[in-house]
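Look at the two complexes coming up: chain A is in both, with chain B in one and chain C in the other.
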Partner chain A sequence: MTQAPLLSVEDLRTYCYTRAGVVKAVDGVRFALERGDSLGLVGESGSGKSMTCNSILRLLPKPAARTVGGRVLWDGRDLLTLSEREMRRVRGREIGMILQDPLISLNPVFTIANQVGEPFRLRGAAKGRSDLREKVLDVLRQVHIPSPEARLSQYPFEFSGGMRQRTVAAIALAGSPGLLIADEPTTSLDVTIQDQFLRLLRELQEKTGMALILVTHDLGIVAETCNKVAVMYAGKIVEFGDVRQVLTSPAHPYTEALLKALPVPGTRQKRLYQISGEPPNLLDPPAGCAFEPRCHRAMQACKKARPPIKRLSDGRQAACLALEAGEVR
Partner chain B sequence: MLRYALKRLGVGLLCLVGVSVIIFVAMRLAGDPTLLLLPDDATEQDRIELRQELGLDKPLPVQYAIFVAGAVQGDFGMSTRWKMPAMELVLARLPATLQLAGLAFSLAVGIGLLSGVTSATARGSVFDQCVRLGVTLGLAVPVFWVGLIFIMVFAVDLGWFPTSGRGSFAHLILPAVTMALNPAAAMSRLSRSAMLGVLGADYIKMARVKGNSEARVVWKHGLRNAAIPVATLAGIQLANMIGNTVVVETIFAWPGIGKLIIDAIFARDFAVVQAAICVVAAAYIILNLAVDLTYGLLDPQIRYD
Partner chain C sequence: MGTILELRDVKRYFGIRSGGWVGGGVEKPLKAVDGASFSIASGSSFGVAGESGSGKSTMGKLILRLDRPTGGAIEFEGRDIGKLDAQGDAWYRTRVQAVFQDASGSLDPRMRISAIVAEPLEIHARTGPNRLTKIEIREKVEDMLAQVALPERVMHDFPHELSGGQKQRVAIARAMILEPTMLVLDEPVSALDVSIRAQVLNLLSDFQDRYGLTYLMISHDLATLGHVSSQLAVMYLGRIVEIGDTEEIYERPLHPYTKALFRAMPLPDPDRVKSAPSLRGEIGSALDLPKGCRFCPRCDEAMPVCSAVDPELVDVGAGRQVACHLIGGPQLTKATHQRGSNE
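What follows is the complex of A and B.
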């Protein structure tokens, strides 16, 4: 890798300051993306997936959460050191984001035309009203909104859930970003609409060449949509690599356990596999590996030191002491 | 929407009739105006003649019918004190009240919104704490007391403003500020809480994701969604302003409708009180309708049918 990657997140640390204490929601996250990459960011609730995304765009809930360390290198700049003004230019134009719930991420009191047109207006990309209208219609067509002309003057409450999510995608597209962050974009959609929407994302990605970060806890979606995957646990990436590698032969015991918990269609299982125990309390994380209490490969050493993330011989990265001991597989 | 407006106007008209009945009866309970109009040495015969002349000897329903018959033609009767048509008197005083209420309302909404929204965006800050303290004070202190203190401090001691009366713009400031204080505090509190409810919403985050400036996020995307309760309160306050001028106009000797009503009540000048109350009530009804109609503009989900 001689050329600098499109996005490089280095040792990102975002802490939440709560009444009960400091929660290290993102604790030394590190990954890199190339142009056209699509990264699946997976992990259970509270593992720091969304916090990582919000940290990249610097949209953390203030004043509870703060990024306290690390670098987010984008296009040669460290986003964490930009002024708020410069950051606004990055948001929407260079990095777009799709939020989790399409039903509430459109503003209820503005028309679709107004909201989809806003990114164009903000960067002065449209010459006059008719040009703006054409541009809005164009992105609405790109996300396959049927008869977009009739939809312009409508309001979000007149749209179905799937259409709203498409509209949100259209808004993201309107900024023609180089990277799109989609934070569980399909969680609130039903399964058929989910599938349509993921296909749309792939299609748009192919057309525009933008990179994608897809936050999800559905490994099936990752397998279909992404070429890279990062598995997060307790604020850290525990495994990162090529989708096929990671999903077919997981290196980290946590990834392995996640895959085991997937239902297999066509088979009758009495009960789905369940990872025993609970995720660690991040207010008081264990001194060693965060997964150690639930890990079937735990060794004595796991209790003492946090395993660093290391590159394995096949190119992927994982953070597990058992791997270093050469004990896996 | 037109049908809705017409229906509401019809209901408003009924309200107006109700108000006129109440004020008509209430005034006549207040006492006999002829006792005030006649000199001390007048005979009982003089009094009876005057009552006949004023039509006060007729039964109450008949008096009311005569009043309504005149009122629909714009004739609200003659003032017994000022010896001129009552409505003419009221309309002559109306501009002064509108001026005072207008400035007080603008101050209340301007200061209230600005402080409320800003303190919502800076929740927990020193500014927020100050605003909240100011709101509590503004709601707690009575208007008549503030008016008197203002006169003492700013007019008498410091001499910055005239103590009372109407004339230059400087005359307007103390009464307008006095009147604005309470509604500004209420507006501040309401807009703060309405904005706090809105600012956590996903579409606000979405507005930031799009690259909007913080000011546009708050004042465009945020405030439009907090606008319904704010508009409701503003409408109520504007309507109240016209009636609330009574206290302030009396303290500052401001020659508006409020002062006129007080003077007319003390003079038992039935015609003037009736005319003035009808004007105030009509303004109230029309402003309320206007507020209800703006909801449709503020929230696209509201339809009138």
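What follows is the complex of A and C.
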């Protein structure tokens, strides 16, 4: 019998209830992660990346969004069936999180020491004040905060953007999580600071075997940081596989288009590839494949039914009828 | 191709009061832009790169006359824009237009799209010899919306009813309606998705081909700048540290900061092996500049002279200028030797 994966998301469905109607923000997402895996979750704005993460963490905006189906298997349990109390113990301890805006994640009225120490206190992991102080200093050093002793009594506003983001990481890591979910952790950072931060994540993964889900719309970051990638479109994963496979020979026409649309230095005279049309209206999605109206490979059949995600001969998964029909590659 | 815009030793210092009570304390200069000199050829694209706080937007605002330099001069089409009278000011406002990152912030939420695009015409073309009628304005607006590929029906929409990419196209239509010769684009695609970004960049390149426009594009995204610009200036803490032909800088960056930026730039190539960490430390503060070279505290290649003497931007040939003791130093020493001993 093979061992169960570290995290297994099965047919996850999260809907948003808006005045204008129901949005299937996450519409049958499935993937599995092993220890040490690093999954890049990419896709257009509104494709459901944050909703997928927030569904796993059970941090959905209430009452606007609700998970209506699926399973999230973690350490032998389905997270979707846990009580709120049990779930709080999972969050921050077993699964760490870095949400998009570091200013929201940090509390402006508590000191850095207080906030970074919180996970240790919750866990009862520190023996007395000086031990707690040592542990806090230790994680601050791990995330490369300069002169951490002097920083303990400071407040978030006294930190630069990069330092704040690393402090959020320190809090996430204080719980020694088996999985870290990071939603666009570097969007507000400069490239050199971003580079430092991504190196830090890789370093920690190597040291602890922690798995990572990294949401980003930068395929460069995925290439650098992740070993697996999931491409989302309109609430579904349309391609999932090994980073090298997906980025060097994309199977799904949407992945292909995304890669072709990237500006490449030294190509000034050339026009960039453009995905025609607009992203789908999720309140009234097409009956068939959601990408069909913009797809240059679309066939008649694509309008009729949404293609299921299937494993291809090279091991990756993709949801495209043209692929099944052998039209592509 | 003549020069359309020239900056000569342009400075913008802000007085920042620190310490003490309100009204007291010491005033310190924050050197947001500290001696920028360059010129832009008419019809070309000039890129400005650099990290947060390096002074890119401040420089953009000085060029747009949204702010005034505390030193130096800016010349546009041969006229000093610091010395324009009311008529000159009106002229400048029709020649140079801006597009900013946050389209939703720069579009009035209470105005319909048609009114937003028509507004510059209402201000500048309702009077004077080239006066337009209401109908002519309407026709121009419709034509411009078509040029930026927005469907006619959005004319009557409000900004919040449009997607991010559509809003950015409205901002471009508004900037283009007076048929300017130059656009200052401050992070015009940074907030957009990959696929929408491609649409907007293509649109900008079409406009340039069609009207011979000059662009000054500010961005922290080196891939976008590499695609768009023919000349590139790299800024660090208020200074231009490297400037030259974009493709050549990409091929062979000389300043250690430029090199670090390229090393840090994520590329969608899973086979690229990244070398040493690109940079240590954080970008410094423009309020508390280090002695000597501003980049010195983060530089791996720093020499003793770097923490003592602020390097000048020097010509290194092929139209490239670099402000670094490593690059300028040896060459200067050689020249001194040849000239004999002056010092």
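By definition in this document, the second predicted complex is superposed on the first by the 323 of 329 C-alpha atoms of A that agree within 3 Å, B and C clash if a C-alpha of one lies under 4 Å from a C-alpha of the other, contacts with A are read in each partner's own complex, and residues count from 1 in each chain.
The rule we apply is simple: a contact is a pair of C-beta atoms (placed from the backbone, for glycine too) under 8 Å apart; a residue touches a chain by one contact, two chains touch by 3 or more.
Everything quoted here is computed from the prediction, not taken from an experiment.
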Label the relationship between chain B and chain C on chain A in the superposed model as either fit or clash.
fit
Most chain A residues touched (candidates chain B, chain C):
C
Apex chain A angle, CA centroids, chain B to chain C, rounded to a multiple of 10 degrees, is 80
Please work out whether A:34 is in contact with chain B alone, chain C alone, both, or neither, and reply first, second, both or neither.
neither
Is A:218 contacted by the first partner chain B, the second partner chain C, both or neither?
second
Kindly classify A:196 by the partners it touches after superposition: chain B alone (first), chain C alone (second), both, or neither?
second
After superposition on the shared chain, which partner residues are touched by A:168: those of chain B (first), chain C (second), both, or neither?
first
First (chain B), second (chain C), both or neither: which does A:10 touch?
neither
Note down the smallest distance between any C-alpha of chain B and any C-alpha of chain C in the overlay, whole angstrom.
5
Name the residues of chain A shared by its contacts with chain B and its contacts with chain C.
none
For chain C, which residues are in contact with chain A within the complex?
45, 51-52, 163-164, 193-195, 197-199, 201-202, 205, 220, 222-230, 246-247, 250-251, 260-261, 263-272, 274, 277-283
Per the touch rule, the chain B residues reaching chain A in their complex are 201-203, 205-214, 221, 224-225, 227, 298-301
Can you name the residues of chain A that touch chain C in the complex?
44-45, 146, 160-163, 190-196, 198-199, 217-224, 243-244, 247-248, 257-259, 261-268, 271-275, 278-279
Spell out the part of chain A that touches chain B in their complex, as residue ranges.
57, 59, 84, 88-93, 96-97, 99-101, 104-111, 118-119, 122-123, 155, 157, 168, 171, 175
